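Note that the chains take the letters A, B, C and D in the order they are written out, and that residue 1 is the start of every chain.
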């Protein structure tokens, strides 16, 4: 995903450049015979590619003056000595003036030439580039914007955590799904039926599972105060072992170590649908009064939620999988939507420093909303007035949020 | 100490990974990738715990003659057969580096004729549940539910010839109201806006959650301090 | 049941219908059309018809590049599109150049050649009427290169013959030698990359087929940059119908997408029907509740 | 395997799972138990061959050590045969963390299992922090910064902003702010409704596939 967004932005830009040259290319086909010889690209510069781990050199050049008279592309050649044999390393489309040679050795010095090629396969060679050598860097300046905005949000989170530690009171609105947790546990106790907790189907290397386990900890603490059976089937071994520890800790801290049993948490299978088959079986046979589906879910979300609905359980779901939210919203009584899942463990803990971090999140939202509104207004002014002042300001806002491929 | 060291490990690993994004230089550049591989390796070891638990739970049921104990025998047998078939490559080419899923091997056959139909059918149950969920949930109980219903209804109708016929009489200037066009507009504009809001929210939630974990504010997952 | 008002009782039963009744309906909605091979006539929507019309308008001998940009998991959705497009191209005597941006596309090309061209159009000659260029790595970078020079990347075809020994490759210089690019798949890399790096800069018409999930993301390119799009099974079925309409003899050939659309349509109608019923009963139920409340108010 | 026999097995299992729709029954219980056992075994074997073997044993050279002829040289060979510290030697850390995980079974030093856990949680926190920040927050925002010169752009921007307002925790949903949050909820509901409706088709395809198998491949009733 990360790599995709990098390359996507980059190629969008590249696409625009190519688009801009389309007209020139279209002309080429009609004007086949050129009177003067093809002129070469000039001012070839080769430099270390910035912000990387080495092994790449970026070559830039000024387009051939014949660009719009039949150049079909550029060939880049390199050698390790100015007088040595040059070998081809790649092509760049007509209209492009840069090429990244991502196959260099940091210990060698390279020389580059750029060859313009036209429709008739005429070739015209540029002057030699100055020597270049690739090297790794200690800081990637392309990600400076990430550092700035990330720093702001992290700063806000840390500030509010510290702020809350000092005992300052913070206001946070209620979240319906969390208000219902106690009620749902109480209901299971009244009915004398167990509580089912499904921590998603991904492993501990997914942050939603971590959130699920922390929520399990809080929920188990409440359950421990009643004599209600808890059932946590897991589809991953590490999740099983972590959940066991967490539930045990919850029972101990609630003063009910005696009521804890290792049987609360058990492993089923790593297979998504095998796990669902087992959970369905548990539901229809044990008839839990309350079901929690908290964590990362895929297609199985609806199978579980509908079976839970059929047995008449109160269902509380929470996930940050956008594709599964509709099914939980449709089939469950309460759904923690995306961000609410991560906020839930902080809410349920009631600890000021945890709640403080939620305030920090809100600062992030203010940044996001202002960026959209300000950026959109600037874009609009630019579109209406055509003033370059607004244009460059809008560009700046865009740049602040764009992840450029290095 | 026993609780302190894990918190310190989490802090160091987490913060180094965040910082390393900005440092392309060796060894930071590849850390994220390497750590994911480490996780995969840890997970295999942990699987021994999981499999042990599975066998213990079902072993107990058999031993205590739980009312469903014969089914536990099926589970244990299925697990054992599959494991032996795979680890010893029964019916396939032997040796550590041989192909596991060679056609004709027992592992591949079990996968094809037992595992796959079970999986595909379990997945196919969704077709039924999608129907029952939409019957129950898509009711105009209040304004929110009405909006949900309308969006789903337009999209669903747009997928049937009936829905296409329903609005095909509309004159050209109103063609944007034709159900297929309306459906694709809903998908690409308001749906997109909602998705974006959810995604931005999730990102902020993850950031705060990650910071709470890294800073040791949240340490529930570390569990009991028992000996 | 309400003895005073049997009608209400009926609605009440419907409102609290056992989900198993719905399951039964869905089951029949799928089983019966599958057994009867029921299919509805799909009318091609403009976005699909545009692809059909483009191929229909190409003169004999025109060159079509077909890129297989998908994998086994999306075969059920994408393969019917490919089959229909290949049949149409064969029928129109177009020259078919098949390549893949996805590693998994390589085998899919061979299978499609065997199943459609070799079996149904045995008079077509490999190397003259169709060629398998195989898979080359590089994603959009590959498109970028072949935009200017095809033979730099493709020195041989997938069978290992020298590229210039393949008759239909002789007059191919770069992407602009083609009259139409068809990208099948819709994932990454796929249609979007073909539009941005091939179609737009080279001014070559691009069309394609995508899975239902990825199709909405491609709508913004239609019709300016993407002349048409087959979206999911429905798009494939529409194309198959258009083909049968234009060439009735294809009616006897396989048309998996149309076959699948039968049960799909019936199932969708069943779901829509239950949603409507659910809402009607809901409103009647609420009205009755309101009525009772009012009555209660009068009495007390 | 004989295809009639194997297809019959597959068909019985298919019917067994579908029968759950009516109610829980012995055939479903059998299929469920079999599925759990077989799939757990399957993933165990897969994990071993896809993770442990190539990522740990090959990199360290253990595969070669135990006598696999065509296995690659690993870090241990580099260390003992060439006296060179290979980068892959770092995989020893992963191996040690894995063994620590198993120590959980020991009542005395079970606490050490928290170290690999802390490592796991720390690394996922770090990784997710960055990936979500980049692709979920930054690039989504960038694509939403559009000129307000078309109806679609306006809807997109209003929807995104009000949607974010809905998630805002520090203020009660009242007054103008509450109104905006309400609009946000409507957008979320459209999103949920649309995605739900859109998924129906692919879910139906799965069922058609199974029905096709039962009546076509197995019984041969479909032409």
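What we mean here is this: a residue touches a chain if its C-beta (ideal position, glycine included) is under 8 Å from a C-beta of that chain, and two chains touch if they have at least 3 such contacts.
Quick caveat, the model's predicted, so the values are computed rather than measured.
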According to the touch definition, list the chains common to the neighbour sets of chain A and chain C.
B, D
Could you tell me which chain lies farthest from chain B when each chain's centre is the average position of its Cα atoms?
C
Among all chain pairs, the one with the most C-beta contacts
B-D
If you average the Cα atoms of chain C and of chain D to get two centres, how far apart are those centres in Å?
27
Mean-CA-position distance for chain B and chain A (Å)
16
Residues of chain B that touch at least two other chains are 21, 36, 39, 42-43, 46-51, 54, 68, 115, 118-119, 122-123, 125-128, 130, 132, 134, 136, 138, 148-149, 152-153, 156, 159, 187-188, 195, 198-202, 204, 206-207, 209-211, 213, 221-223
What residues in chain A touch two or more of the other chains?
4, 146, 150, 204-205, 207, 210, 238, 241-242, 245, 268-271, 273-274, 277, 285, 306, 322, 325, 327, 329-330, 337-340, 343, 358, 361, 364-365, 368
Give the residues of chain C that touch two or more other chains, as numbers and ranges in rising order.
19, 23, 26, 30, 216, 234, 264, 267-268, 271
The chain C residues in contact with chain D across the complex are 20, 23, 26, 30-31, 34-35, 37, 76-77, 212-213, 216, 232-234, 260, 263-264, 267-268, 271
Quick one: which bits of chain A touch chain B in the complex? Just the residue numbers, please.
51-54, 136-140, 143, 146-147, 150, 153-154, 157-158, 161, 203-205, 207, 210-211, 213-214, 217-218, 234, 236-238, 240-242, 244-246, 248-249, 252, 263, 266-274, 276-277, 285, 299, 302-303, 305-306, 309, 320, 322, 325, 327, 329-331, 337-343, 345-346, 349, 353-354, 357-358, 360-361, 364-365, 368, 406
Once bound in the complex, which stretches of chain D touch chain C?
21-22, 198, 200-202, 204-205, 207-209, 211-212, 215-216, 221-223
Note: in the complex, chain D contacts chain A through residues 17, 20, 23-24, 28-29, 31-32, 35-36, 38-40, 42-43, 47, 101, 104, 113-114, 117, 120-121, 123-125, 127-128, 130-135, 137-139, 141-142, 144-149, 153, 157, 160-161, 164-165, 167-173, 188, 191-193, 195-196, 199
Chain B - residues contacting chain A, complex:
21-26, 29-30, 36, 39, 42-43, 46-51, 53-54, 57, 68, 115, 118-119, 122-123, 125-126, 129-130, 132-134, 136-138, 148, 195, 198-202, 204-213, 215, 217-218, 220-226
